[in-house]
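Both complexes shown next keep subunit A, but they swap its partner, so subunit B is in the first and subunit C is in the second.
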Partner chain A sequence: MRIFQSILYKLIIILIGACLLGMTAHAQLEIDITKGNSKPTPIAIPDFLSSHPQTDQIARDIARVVAEDLERSGLFKALDPTSFLETQTDINYQPRFADWRLIKARALVSGRIVRESSTRLKVEFRLWDIYGGTQLDGIRFATTPDNWRRVAHKVSDAIYKRLTGESGYFDSRIVYISESGPKTNRRKRLAIMDQDGSNPQFLLVGADLVLTPRFSPSAQQITYLSWETGRSQVYLLDIESGRRELLGNFPDITIAPRFSPDGKHLIFSMVSKGNSDIYVMNLRSRSTQRLTTNSAIDVSPSLSPDGKKIVFNSDRGGSPQLYIMNADGSNVKRISFGDGRYTAPNWSPRGDLIAFTKSDKGQFHIGVLNAQTGRAERILTSSYLDEGPTWSPNGRVILFSRASKGASSRSEIWSVDLTGNNLRKILTPGDASDPAWSPVLP
Partner chain B sequence: MKFGLPLSIIFHGLAVFGGLLVLGKVVDTSLDMEIISLKIVTIAKQTNIKPTQIKPEIPTEVETLPKTVEDLPIDNSASQEDKEQENQAQDQAEQETATNMPSKFSLDDFTKMVENVRNENPDAYSQKELIGEREIGERQQRGRGEKNDPTLNPADYIRSKMQPCWLIDKGAKNYQTLRVEIELTLTQQGGISMLKIANDTQIIASSNNGWRAARENVVAALIECAPYGKLKSLEYDEWKAMKLNFQPGDE
Partner chain C sequence: MNVHLKFLCTALLGFSITACATQSNQLPEIQQRDVSGMAPPAVKAPVYVKPVRVKPVEREAVEAIPAPKPIGPKAGTKEHFKHIAGENRVYFGYNRYDLNVQSRDVLRLQAKWLKEYSSSILVVGGNADERGTREYNLALGARRADAVKAFLVAQGVAPGRITTVSYGKERPIDGGSTEAAWALNRNAHSAVLIRGSS
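Showing the complex of A and B:
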């Protein structure tokens, strides 16, 4: 009996204790926080340290390009160097975090250049988390002095990746159509530049009309349309070697070729007997397969990153709208249902969104919609003529062509991020249109 | 023997309470209740707060000046007739008042008179809904100091404090699903004494690297915004430990 009582008492005490603990747990304050802000992250990028007078300018230039890259992304704000309280003399020492906190820097990039010979540099940097008081990243690059700009882009990519969790896109290129001459006799030439607009150059010497250039996944090849033979034909150009190749001598007009994500196929439209359909070509065997057989106009195909789906533009419903089908042409379904005309769809490399051009009520827009549901349409830009969206390699930024109205109108290349707030013009030597963004360079 | 009776009472009491808990039907602690914390409001014996008096609002600007008498057109004939009518009406009213007034005070007569007056204009004596009127007490709240503000809600305070510091990357993949749960312990001065990511395992295991970046943004925001000094006006036990769930909401 006593044993039973003892057990009962113990049980009661345990139960009371548990109840009290439960009450204490209930009493803890729990707060749901849903509102922050979209301001860019303040980051301090002092000039890189230089160990030799000949690298002083490069040290300053690298810091400048890194700051410009990060600011252009819209996610970072490079702090004014005059506000810096600490002047680092050696990047191998931990910075005084309190000094950087005072100026509200969230991250610090400290770097240096070591000249190993007249043709060889060592560029290294450390990325510091000011509030965490830890080093987030530290990388060293070996390069030649004339390659400093690419090193700067690589540094930017590393910082971007560490602070956002997503791959950077600064070490990439843009291929585009350089336009010159009067409107009645426009000259359109294939050109290439770095993603920030620097190092622009022509890829072809001829004066032939060239359209819709697109990069291969290796970033080494470009496919484009040319009227070299008097009709629209698809070509393949190797950037490094300059070697060109005509891809299939089709009797009909071919439009908007684009590489598959694995680079093994080319997908395009072909107009035959007044009807445009979508085709896929095996680049090894050069065999071609027709994917759509509808009597409507089916154009602008773009493959999903996994290569399993194709988004394209069709007027089979009465007006140009966006449709998705399987890579073999089956299971076609419409995904755009808004007002206006939807064209030029482009599947994000991230896979989650599809960018498009939309024209409605006399205005052109660049927008995105959810690739799975076709819903959650967001319009990012509006102007007299915005068209031809192309994604950055990480799927965070969209490039497009913008033309102004009137006789003195200009064609320009602009970029916008997914929030629609960071709209920027890419500086080009002359008029430019139809951009295509390369993958990050190997 | 001396301690037998009190011990017996204590143990029997515990046994009864425990029995009720075990049975679980009579005392149900799992009821879903909203817990509202009530603070004891004490009244000081002396005060230096002067009583506030609401004065009628004086319009600061006169948009259109009323016309003066000199400005008005004079029509003597009309005014003469009006004066005569006015005098007649005044005489009649005086006669009526004189006949209605009781010669001697009577409670019944007075009550009857009041009822007559009310019946003549019932709207004037009915209750009106105070729509758009100033709330009673609004004036008094303004006079109080920040520290004595009885309306300080720790949750609202933390939310408002975090908003400028918490940087949300709205371009990140599925950014609205990137939830970061923080267990925070504060010092009595409102500084951070302990910060723990409650769902860190989940974040590390995720293939979405943006989640890790979101976590770092939250930690930086909490450190940047510290100390949370205003909480000192409340009981320390009320806010020394808290759980903060960061998850971007709809715009």
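Showing the complex of A and C:
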């Protein structure tokens, strides 16, 4: 009787345990990226397997770059490879989930490189949900060996998308201004780098005062401001072909160019008799339409992702503030009401938020506010001089310029996520400013 | 000096002669005097003469000053423009673009020069201090440059001779982050270009 009872108890416990296990198995790994300061998800990324000496180094590098990408997002923690209990020799078998659970990994990335020839390799990976015991994704990319970095970023994007439900942003680039020389005689050159700061290179030779480059959201094309003719003029540059074009060649000062979300229009400010107003140019017909006629400064326009509204900066109310109007210039209304001066707005690619620069009591901040109501202002950063927010392609991360005080001040590019967490400096070869994020590469 | 010596010698001679003459006569009687109540005579420092030499003064004619060389830059040059106007920059208040009295005085002189040297053209560059964002400061610099242009045009300079540019906060003349540095960096710079030279 007693023995029977104890067996019964054990059975009940096992049943409850099985139910619990079943529940966890059904609760698939999903990371909520809308919450700030959530604990990073532990992920195991062993070196990819290599079957040829030519790909051994690439196999290690890809795993490292994927780990760095995911960690930089603030959402993941790449586990120390020396803690791994299982060493996979073939990725076409299920991993020993118990071994990975023991080291508290929630996800595992196992990958390998197949060398097809000296100029072509295939990179494949499987993403495993350790607690669910299931494969979440499996993708194979083919490329040339020297293009391994882009493949690593594509792997990172696939993992990010599968685990967060949002598209990734790792296979993207940043166009920026490389700065050198003393503050009173600064050389500012147009440059580009990968989203993680790798592969920095200059885009122009001979132009030493270039500012505010911006990517077309739909293509690998940029617009920027250059003084190469002695005054500020707007240029278009196709990064792939290197084709460069002076836009409009207006007799007046033109500043603050930015593409429309469909890449078909350019919106900018033009100065007439000292007064800057906002204009839009159809890039196909080259016809230009004036959108504001106010006698105050109207500058830094940015279109909403649906192309219907424009946020811009104006001091028509006495101090620089943010205003919204329809894309045809009608229905202007102010949306910033906090203390201080608001400038450099930038509409999120998701449409819900507007990032801005705010200066108040000797400090500069990057912040976001609700694009519909102008309310729910959140200040994300503070320093002597933070300015010029630009959004990641998925609207989750903001890059901005940060400069320190004094004659020997440094200019740097920093990133912060839209919850205000994960503030990081982007490593650049020298001083850098005016970052603009590209769309994800095709 | 000689005069003094002579006087001294004569005095000594006269004294010794008198002394000799007295010696030859009867010695006078010594009078007894009670000296107990008298103070001893004060000891005086010996007196001597310190000669004061008069230094000779030489005298000659002063050379005539050659005619002064003309100072200042050559008329009609960029340097001359700055020399005449006193300044090639005018300064502004924080987030302002109105011209103060001093600026107007400088610009009147700039206008006078520009009217005199009518083949020159002017590029006015507007500048802002670092406490603003890049694009807003470009717009502000444009405002400042235009304020200068408008004033010069009102003074009679042909508008076609003046181009405005804005450098925003990109061309500070003082790299510091102090009130004084910022005040210097809020300016409009007038650069003269002489036609036919670069």
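The rule is simple: the second predicted complex is superposed on the first by the 401 of 442 C-alpha atoms of A that agree within 3 Å, B and C clash if a C-alpha of one lies under 4 Å from a C-alpha of the other, contacts with A are read in each partner's own complex, and residues count from 1 in each chain.
Here is the rule we go by: a contact is a pair of C-beta atoms (placed from the backbone, for glycine too) under 8 Å apart; a residue touches a chain by one contact, two chains touch by 3 or more.
Only a predicted model underlies this, so the values are computations on that prediction, with no experimental measurement involved.
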Inset, instruction - Using the superposition on chain A described above, determine whether A:L209 touches subunit B (first), subunit C (second), both, or neither. - result: second
Legend entry - Partner chain(s) touched by A:S276 [first = subunit B, second = subunit C, both, neither]: second
Inset, instruction - Considering only the touch criterion stated at the top, classify A:S118 as touching first (subunit B), second (subunit C), both, or neither. - result: neither
Inset, instruction - With the two complexes superposed on chain A, say which partner A:P320 touches: subunit B (first), subunit C (second), both, or neither. - result: second
Inset, instruction - Name the contact category of A:T164: first (subunit B only), second (subunit C only), both, or neither. - result: first
Legend entry - First (subunit B), second (subunit C), both or neither touched by A:N92: neither
Inset, instruction - For A:S198, decide between first (touching subunit B), second (touching subunit C), both and neither. - result: neither
Legend entry - subunit B/subunit C common contact set on subunit A: none
Inset, instruction - Spell out the residues on subunit A that touch subunit C in their complex, using ranges where they run on. - result: 182-184, 186, 188, 209, 211-212, 227, 230-232, 253, 255-256, 269, 271, 273-276, 297, 299-300, 313, 319-320, 341, 343-344, 357, 359, 384-385, 387-388, 403, 405-409, 434
Legend entry - subunit A - residues contacting subunit B, complex: 8-9, 11-13, 15-16, 19, 22, 26, 28-41, 74-75, 101, 104, 106, 129-132, 161, 163-166, 350, 352, 395-396, 417-419
Inset, instruction - Show which residues of subunit C lie in contact with subunit A when the two form their complex. - result: 95, 97, 123, 130-136, 138-140, 142-143, 145-147, 149-150, 163-168, 170-177
Inset, instruction - Enumerate the contact residues on subunit B facing subunit A in the complex. - result: 11, 14-15, 17-18, 21-22, 29, 35, 154-155, 158-159, 162-174, 208-214, 216-217, 219-221, 223-224, 238-239, 241-249
